[in-house]
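Before we start, here is the structure in question, set down as structure tokens.
Letters are used for the chains, namely A, B, C and D, taken in the order the chains are written, and counting of residues starts over at 1 for each.
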Amino acid sequence: MNSFGHIFRLTSFGESHGKAVGGVIDGMPAGVKIDMDFIQRELDRRRPGQSDIVTARQESDRVELLSGVFEGRSTGTPIGFAVYNQDQHSADYDMLRNCYRPSHADYTYTQKYGIRDHRGGGRSSARETIARCVAGALAKLALRPLGIEIHAYTSQVGGIVLPGTYTDYDLSQTDSNSVRCPDEETARQMIDLISEVKAAGDTIGGVITGVARGIPAGLGEPVFHKLHADLGAAMLGINAVKGFEYGMGFAGAAHRGSEMNDAFIVRDGVVTTATNHSGGIQGGISNGQDICFRVAFKPVATLLQEVDTVDAEGNPVVLKARGRHDPCVLPRAVPVVEAMTAMVLLDHYLLNKTHHI
Amino acid sequence: MNSFGHIFRLTSFGESHGKAVGGVIDGMPAGVKIDMDFIQRELDRRRPGQSDIVTARQESDRVELLSGVFEGRSTGTPIGFAVYNQDQHSADYDMLRNCYRPSHADYTYTQKYGIRDHRGGGRSSARETIARCVAGALAKLALRPLGIEIHAYTSQVGGIVLPGTYTDYDLSQTDSNSVRCPDEETARQMIDLISEVKAAGDTIGGVITGVARGIPAGLGEPVFHKLHADLGAAMLGINAVKGFEYGMGFAGAAHRGSEMNDAFIVRDGVVTTATNHSGGIQGGISNGQDICFRVAFKPVATLLQEVDTVDAEGNPVVLKARGRHDPCVLPRAVPVVEAMTAMVLLDHYLLNKTHHI
Amino acid sequence: MNSFGHIFRLTSFGESHGKAVGGVIDGMPAGVKIDMDFIQRELDRRRPGQSDIVTARQESDRVELLSGVFEGRSTGTPIGFAVYNQDQHSADYDMLRNCYRPSHADYTYTQKYGIRDHRGGGRSSARETIARCVAGALAKLALRPLGIEIHAYTSQVGGIVLPGTYTDYDLSQTDSNSVRCPDEETARQMIDLISEVKAAGDTIGGVITGVARGIPAGLGEPVFHKLHADLGAAMLGINAVKGFEYGMGFAGAAHRGSEMNDAFIVRDGVVTTATNHSGGIQGGISNGQDICFRVAFKPVATLLQEVDTVDAEGNPVVLKARGRHDPCVLPRAVPVVEAMTAMVLLDHYLLNKTHHI
Amino acid sequence: MNSFGHIFRLTSFGESHGKAVGGVIDGMPAGVKIDMDFIQRELDRRRPGQSDIVTARQESDRVELLSGVFEGRSTGTPIGFAVYNQDQHSADYDMLRNCYRPSHADYTYTQKYGIRDHRGGGRSSARETIARCVAGALAKLALRPLGIEIHAYTSQVGGIVLPGTYTDYDLSQTDSNSVRCPDEETARQMIDLISEVKAAGDTIGGVITGVARGIPAGLGEPVFHKLHADLGAAMLGINAVKGFEYGMGFAGAAHRGSEMNDAFIVRDGVVTTATNHSGGIQGGISNGQDICFRVAFKPVATLLQEVDTVDAEGNPVVLKARGRHDPCVLPRAVPVVEAMTAMVLLDHYLLNKTHHI
């Protein structure tokens, strides 16, 4: 069950301290121009060590596509890839072999499999998201000629919330600061908060907002694989995510239908909606408006503090994390949210082609 | 793409005003005692016409299992079923043939398929959830001998929010009132609000909380099909759902790791956690604690008021819904949330058996 | 695991003596004209009681589509259907409750599930193929406007083999006799043989040949889901099938490459092949030539003779089948072979659309 | 569509002259001892250059598992692997860039994708079966403690047919000669034939027989994924395969039921069958007897002779293959048949666990 997608489908592999993290991308349409620099840049956006507010681990994370590309274009055959692990300090994790870090997957993996690779969190490490960024970059390359654009940005860190909505900001500015928030002033506050939290050996959660523009009407399956259900599953599959909402989301629960409905109007001869409380999806199917959604991340579980826990025999243990860890996962999760969005949209774009002879 | 589940898998069919709504349940384990009364009761919980605060449509919604059961037990072969439609006033929908109701699926279906059954919303009608309630009831029957119990209840209607958390209430009281809230006083307020909204020809949204108890540790796939990702996809596939969160959800985004982590302790010789901010799932896998989550529903899109919209040619139209509609979807959605939860849990229970020889 | 197909997908249900046999067809393209008379005629071709050389059971097998069709066209939503069972003599099977017929599925079902519906073979009955004929008829309706035609015919019964190959006969004559062989003289011999076998209380096997014409080049996945692999799986999933070959098949194993290769030539300005030893598929993908294949059926296991067997406790038992049985399955299997072929071809036609943006 | 299997699932990637061939094995049960020497030995059995009667290409084909194994045992997480390509003479294929070899996939790939990697056959090369051998070796390691044994051997080359059946030979002798036939005398004749064919610049087809012993009763899904249907799909997905039959196969079509049925008897207190015409599978489900089947391979399409063909513009071309090619694919296909058999059996073993609570 390590595959994602119906037609455009990523199967990922790899542990944090194993030999490599990688995957196979199946269903990549044929004939798409493959821009390797773009793919590497996307990967660099999630790379450790890129700023002061993320983990100091240094991993170059160079990706090589092993198949499926010929003379600069996709051939329609599967694209295998691997990113070899390098900066592993496995000894930092020796004390975890037999004990359970709070709110990590140590205990649940052991219960499930009876065996686990404890080094660096093994398969439960967010290092697995490398595979998603590669697949997402390929999906973006396929979507680009269709005029589909995908943005994500940090809209909340702890109690600091970016005011307004995505239309209030220039999303091309997202990467202009290390926290990936499109507003300079809010970004500064977020960075300060993360620095303070980091100094305290603590961590902090937040929210990432995702936006997709240029989506044609008609994408999404109407019942179980509604477009937002597949988007939600994609987001909830990212490490540390605790919630997903789209359009008006939870806030809409407090409102009346007369306030929430999006009236149809004709603008420039085209049917459109006067508002977009629906978040671009109605009845599970895109309506051509912008798709927008929010993703809640819990604070990283690894604290640079002493924590009380138990070992596999139930004995009390005091743990103090060594290693290098993110005080806040959001800056590096922004490209992962974009990647999963691109994968879902391309998948549904292709799937939608099968509904007609 | 009208199937849900990996091993225990429902494929549903049916339109609101077609001949029948039904489905096939594949992967039902063999040898489970089938209590037909229980299945019908579960279906009755979502039935129209059950109280003053839901739609007045009268549909008896009797289910018959057409296969897969022999001498009172499941045989392991697929269970086909159909619920024939009866109380259809298709003429009420004639004016919709060629125009788009705001925030409904009329426009998106037309864009996607080029053709749509406009009567009663066709496939986009919540009548499809009948199939889920049948599958969910069967899943509950399979889970019951394992000691797994599933509850859902209305925890918010509009601005009225049930205080505290699920442990503060006796969830067996949920069905003692028509809004399905386990607190008598809050239920009364919710009912009053729905009545008021209904009188105004308006509708109102809300939140349903889901709880599963007795879950063994180890359920859930660690990467793309995390237990909460599959639960989230299940919930987001229900009509009118706009958000899903589990454990501390969006609220946890504002907190620090030192506040959110669930310390491991030993209680009665067993490893457990002191708190349950994780909502029973860590690293995508159940940890044996209660699973709890929240599902946001938007207000029903059909208002009993005049609304301005456009037809397929872009001409302005004024619509006034006839027919009988729910002012608030939550009371009838509670059993659907339970059903989808049961399906996901049974599916992952069965899937988990394949991880060992 | 009662589903077949990737995009165009049938999920079937039903036991021989249960309430109904039916299914859900998912992925039917939208906008296809639905000819109900054609569908019923296809079903009638597999109906019991249609001639002297098939079982005398009388089942009218009327199909009703319960969803997915609106004003005579497919809507793109799933098509549910059920054929209710009628002419059941369940008491004829009482002696089978606790004992195992040779070369039937009685023993293996019991070993697998621990419980079985013994009446009429339950789920293992060829009555399940009703669902395939309905799905196949719908697939034929979708393929017809594309110019794709599918034929199957009986090419061998026991030792009587139709000489030559499919191009030697007018396949539109297949249904002109009860054994469904396009050559009148060979058909007569086959019918005589079946009559003789039937009189002896015995049964006989044979071979069905399948042909598809008008297939565009490019259908089929190149590695695991080669077009012939999916066709083979489709055929091997039909009751009593023991072998599948396409093109030169087993006979080609005795030949040299210089004899078997199909030279490319240009005819009327179009690239084509001088011969078709490949059976229309090269590297797993259709090349535009006719697809042809052969399917081997074993003799029906139910004899109208006394047979020695054992019961569940291992005691010797003498069985004599009551009920009404086919002395030869081939005449009624011809439409099933066609149905499965149509399903696979439509499925791959739709899948192939996803390989390009 | 480059994945195979339901639970134990291989997704493969790679072109003949690309950077690597590899894959991801998902669903490997946790806790299985991983014998790397065994895996490499299995791979060596399909390696080019191993004898005079196979291609002279020298590829060491060393496999490295990149994930999913920890301290010598499988962890239940996906196993990624890659075999890097080395002995590529891509220039040998320059003349193929724009023209179609007869009975190869050159034409069909071009029709399907509009682009193809022509070097060494690209994705259509049998080099892809490396991935299957790795997955098959892992499946064998998982099946071994269950007492399940898998054998394949060459039973026919051209007109030379190994007499009798598999029970007449000691299958452990299969690898004692280069053609992989368990009878020394027949093997010598086969080798002589292949040598003669090779000297003539020609190629030859044949048949491989597969046998699985120690299979528990109950494996296989009864309708669409019958055990033999999944085995057949597995075999038909191997390059150059044109037919599959199990048990009495095509020969059984000429017989009567009274000759073909396998009587149940009790031997040593256990229900078994007196004969095994069924090939170990009844109603699609294993019955505990040996599973046996036959796989037909066409002669390799690449001849070391001048052949007439056409280019993409339809101009006549004379091709003469350079490069190093197999005169007969069977010796190197034997381990591939075993690998696919092991994958299917493990997959169904795991799937069967989900049929009970």
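Basically, contacts are C-beta pairs under 8 Å (C-beta built on N, C-alpha and C of every residue); 3 or more make two chains touch, one makes a residue touch a chain.
Predicted model only: the values in this text are computed from it and were never measured.
Residue numbering shows that subunit B and subunit C use the same positions for more than half of their mutual interface.
In terms of C-beta pairs in contact, the better-connected of the chain pairs A-C and A-D is A-D. Relative to the C-alpha centre of subunit D, the farthest chain centre belongs to B. Computed from the mean C-alpha positions, the centre of subunit A lies at a distance of 46 Å from the centre of subunit C. Inter-chain spacing, taken between the CA centroids of subunit A and subunit D, is 39 Å. Of all residues in subunit A, those touching 2 or more other chains are 1-3, 12, 27, 30-31, 76-77, 112-114, 123, 222, 351, 355-356, listed in ascending order. By the touch criterion given at the top, residues 1-4, 6, 12, 100, 102-105, 107-109, 111-114, 123-124, 128, 156, 158-159, 197, 202-207, 217-226, 228-230, 232-233, 236-237, 242-250, 252-266, 269-271, 273, 277-279, 281-288, 294, 296-303, 305, 307-310, 314, 316, 351-352, 355-356 of subunit D touch subunit C in their complex. Of all residues in subunit A, only 7, 27, 29-32, 76-77, 142, 145-146, 222, 349-351, 353-357 touch subunit C in the complex they form. Contacts from subunit B toward subunit C in the complex involve residues 1-3, 9, 11-15, 18-24, 26-27, 30-31, 64-68, 70, 73, 75-80, 82, 112-117, 122-123.
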